[in-house]
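Pasting the structures in now, so scroll down.
Paired with chain B in one complex and with chain C in the other, chain A is shared by the two complexes that follow.
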Partner chain A sequence: MVTCTGCALLCDDIEVIVEAGRIKETKNTCLRGAGRIKGCVNRLVPSIGEQRVDVGNCIEKAAEILKNAESPMLFGFDNSTSGAQVKAVQLANKLDAIIDDTSSFCQGIMVEKVLRQEFRTCSLDDIRNKADVIIYWGSDAQDSQPRHLSRFSYFPRGEERQRGYEEDRTAIAIDVRESNTAKICKGHFYRIPLKGDRRFILALMDALSGRVPKFDGYDVQKILELSGILKKAKFGAIFAGIGLTYSIKDDAGILADLGRMLPNFHIMPMIGHYNMRGFNENLFRETGFVNSVKFGSEPVHDNRYSIAETLREKSIDVLLVAGSDPLLSLPRSIAKSLAGMQVVCIDPCVTLTSKISAVNIPAAVSGVECGGTAVRMDGKKVELSACVESGFLGDEEILGRIMEAV
Partner chain B sequence: MGIDVGKFLKNPEYDIRITTYRDVFQVAALECDRWGDEFRKYSAAVFMSKIDMAKMGFKKGDRVKVSNTNGSIVVEVRETKRDEPGGIAFMVNSPWSNALVSGDTGGRGIPEFKDIRAKVSLSKDEVTGMEKLVVGN
Partner chain C sequence: MPTVMELYQLLPKTNCKKCGESTCMAFAVELLSRKKKIQDCTPILEDKFKNQREKLESLLLPSEGAGETGMIVHTELCTGCGNCVVACPVDVANDPGGAAIGCAPTNDKVIFKVVDGKVIASNIRECRRFGKNRVLCYACIDPCPTGAIEFV
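Our next item is the complex of A and B:
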């Protein structure tokens, strides 16, 4: 059995068939997981500038660039093992650098609330065993965490849910579009206007308090009906998707307010990258913050240390990226500034970012070519093991060797 | 020889509001080869409701220019898989949609990936290739 690093569900029931040192077939994976385990067609080669060189030389050059940087930043690590993340935090500390991950423009707000215990949360196993009402809010799990409904939330039998989805569970989708997940939540799809989440929460809170909900243009009866379902739930879960997070990013506390009105409910951010939560926990343990931290005499958190703001303000001169592709995932209008700085890229594959990097260091695919640990979206620590020999170094070793050299 | 007047006529331009989403087929294509045709096929498209397509006179497979102050791309028009009420178009989150996203995060660090305002019009140009979306090109 292999643990899949395709998403933060870290499915541990995967079988792989290896032939001649390569993965020929995967069993039990979703499409996303199979893609991750089978790997990319274009592996990154070690290079400095246009020149292909030895990995050792790349590591030395990366260390030299970081040592000479005036304002270095380390970014990524959500597709790295927890051991690599700890090394990255240590390296940032040693360099007085900024460190951030994709959670600063993703689910960081929500994960922080979980770690600060501002949300009541639970494990995915609790959900499988007990949940009778589940809400996918701004979340299309069927496409982002494709086995979420089948392994944990809706379809499986659980200790207290032996009749499964046919009788024991109600799935609800609140979204701006009829997603694949919403399609499954037949009869319980609540279509809301774009950026209408906050108003919908307020209307739902009114209904839960016994007041007539106010939501212009919305069928009040539907909100009252939803409120009735939530009140009757014995063990409920709100899966907060990125759609909800973006919509209430300036007032995420309102979700905690709703949670307080629903004592039987638990809130869980839907995380994409397999070890984003691990990064958030590791940095939180070290600094008290989940992302966007600058080390110095003491670690400081500020949104201006987020990747989006550092690139927009051009406030860094060197960027080390591991397991992330900011040129692919950030607005082009700010990602452009990457071209004006020295970038060190650590990744298994050729990425958009690797194309403009000064130094490229190929890495092993964690969970396939190297082992380690990771943190599932619900906080469970999960062991990863290698299933093929590749000869590529893992992120942890690469970062460790850079740290020795700086 | 007559003058082709058509080429001097500007296609009508419409205001469009786009939200982004994730698609597992596109993510699988990304894992395999982010430079490949498959990834481009899943990414370089704008999905619209039948109602909006009829209003704007677009047919499935038409190429459209989508532009705003942040950037400009040419993508294919496709119909949403399910009936949508209209008023919002959809793009899978990708370098194509990111070409239209503002870098102004209001100091928050979170770009507005899910509420993009742009203009859309029919185009005869080729679908924007990934190479044009890489910085420096």
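Our next item is the complex of A and C:
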């Protein structure tokens, strides 16, 4: 059995058929996972500037660039093993560098609340075994974590849910659009206006405490009906998606407030990248913060140290990126300042960022070409194993060798 | 999937009974359920019906992949999410320790499996829609977010 690293569900029931050192067929992965396991067409080649060179030279050059940098930053690692993440944090510490990952512009604040125990949470296995009411809020799991509903939340039979989803479970979607996930939640889809999450939470809290909810232009009956379902739930889960997080990010505590009114409910942030939670946990353990940290005499956390801000303010001169493509994922207005700095790119594949990088270091695909561990979206530690031998170094080894050389 | 009306509109509408059915409408119903073929209506093979015949053929084409049970998996729509694997009552009954609890199927008695991110159906004769105690089961159609499973 192999573990899929296509998303933070880390499905560990995957079979692969290997032929002549290549993956020929995958069994049980969703389409997204099959793509991840089969790998990219364009492998990154080791290079300095335009010049193709030996990987060893790339590593030395990367170390030299980082050593001479005035304000270096390390970014990414959400598609790296936990071992590589620990190395990245150590390297940032050694260089007095800034370190950040994609969670600073997605689910970081939610994961932080989980780690600080501001949310009551539970494991995905608890959900499979016990949950009778599940809510996808601003999350299209069907698209981002395709096996979420079939492996854990809605369709499977569980210890206390033996009668099948139609009788034993209620799936609810709250979203601004009818996503594929909402389509499955058919009778229980609550469409809310854009940025309406906060007002919807307040209205729901009113309904839960027996007051008449106020929500302009919304059918009050529907909110009362929802509150009735939630009150009756024996074991509930709210899957907080990126849509919800974006919408309430200035006051994410309101979700914790809602959680307090629903003692049988558990909150779980939906995570995309397979080991984003691992990054958050590893950095949290070391510094008490989940992202956007600058090392120095002591680690400091500030939004200024998030990738979006450092690029906007052009406050860094060197960026090491591993397993991420900021040029693709950040708005162009910000990402364009990447062109004015020295970038070191560690990735299995050619990316937009690798095309403008000073140094490119090809890496093994974790979970396929190298093993390690990762943290599932619910905090469970999962083993990754290698199933093909490629000769590429893993992120952990690359970062370790850079660290030795700086 | 075309409707009976759509098929009927393209037939000669003479109720000549050469197809063995009493009306063109009855023939359209049989066509839709794949019990009769277009060629069974000999009049439509005449040249003057060429356009209509071609339309009929193209309407009925997407279902060509259906086996005797009439199930079609539109592979191009499937995302491999596994909802059908876990929801199908046959899979639940035949693999209580695997598919039924959301895991990968552990034996070959299940109807649905996912290979290379796409669902593959086998053992279709076990499907609850067939056999003498048949029921109109929707447990693989309803959970599919993309409409990839269809019975014709």
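As a working rule, the second predicted complex is superposed on the first by the 406 of 406 C-alpha atoms of A that agree within 3 Å, B and C clash if a C-alpha of one lies under 4 Å from a C-alpha of the other, contacts with A are read in each partner's own complex, and residues count from 1 in each chain.
Everything below uses one rule, namely that a contact is a pair of C-beta atoms (placed from the backbone, for glycine too) under 8 Å apart; a residue touches a chain by one contact, two chains touch by 3 or more.
Keep in mind the model is a prediction, meaning the values are calculated, not measured.
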Counting only touches as set out at the top, which of chain B and chain C does A:Ile184 meet: first, second, both, neither?
second
For A:Leu330 in the superposed arrangement: first (chain B), second (chain C), both or neither? first
Partner chain(s) touched by A:Phe152 [first = chain B, second = chain C, both, neither]
second
Next on the checklist: Just to be sure I read the superposition right, which of the two partners does A:Glu281 touch: chain B = first, chain C = second, or both, or neither?
Outcome noted: neither
Can A:Glu15 be said to touch chain B (first), chain C (second), both, or neither? second
| task | Would you check which partner chain A:Leu31 touches, where first means chain B only, second means chain C only, and both and neither mean what they say? | result | both
Query raised in the report: For A:Asp126, is the partner it touches chain B (first), chain C (second), both, or none of the two (neither)?
Result: neither
Max touched-residue count on chain A (chain B vs chain C) belongs to chain B
- First (chain B), second (chain C), both or neither: which does A:Phe105 touch? first
**Message:** Looking at A:Gln142, would you say it contacts chain B, chain C, both, or neither? Reply first, second, both or neither.
**Reply:** both
Intersected contact list for chain A, partners chain B and chain C 30-32, 34-35, 142-143, 146, 183
Given the complex, residues on chain C that touch chain A span 78-83, 85-87, 89, 92, 96, 100-105, 113-118, 143, 145-146
Listed in rising order, the residues of chain A that touch chain C in the complex are 13-15, 25-35, 128, 142-143, 146-147, 149-152, 155-158, 164-165, 180-181, 183-184
The answer for chain B against chain A in the complex is residues 17, 19, 21-25, 27-36, 70-71, 80, 82-85, 88, 90, 93-95, 98-99, 101-105, 107-115, 130, 133-136
Touching chain B in the complex, chain A uses residues 6, 30-32, 34-36, 38-42, 104-105, 140, 142-144, 146, 176-179, 183, 191, 194-195, 243, 246-247, 249-250, 272, 292, 303-304, 306-309, 311-312, 325, 327-336, 338-339, 349-352, 355-356
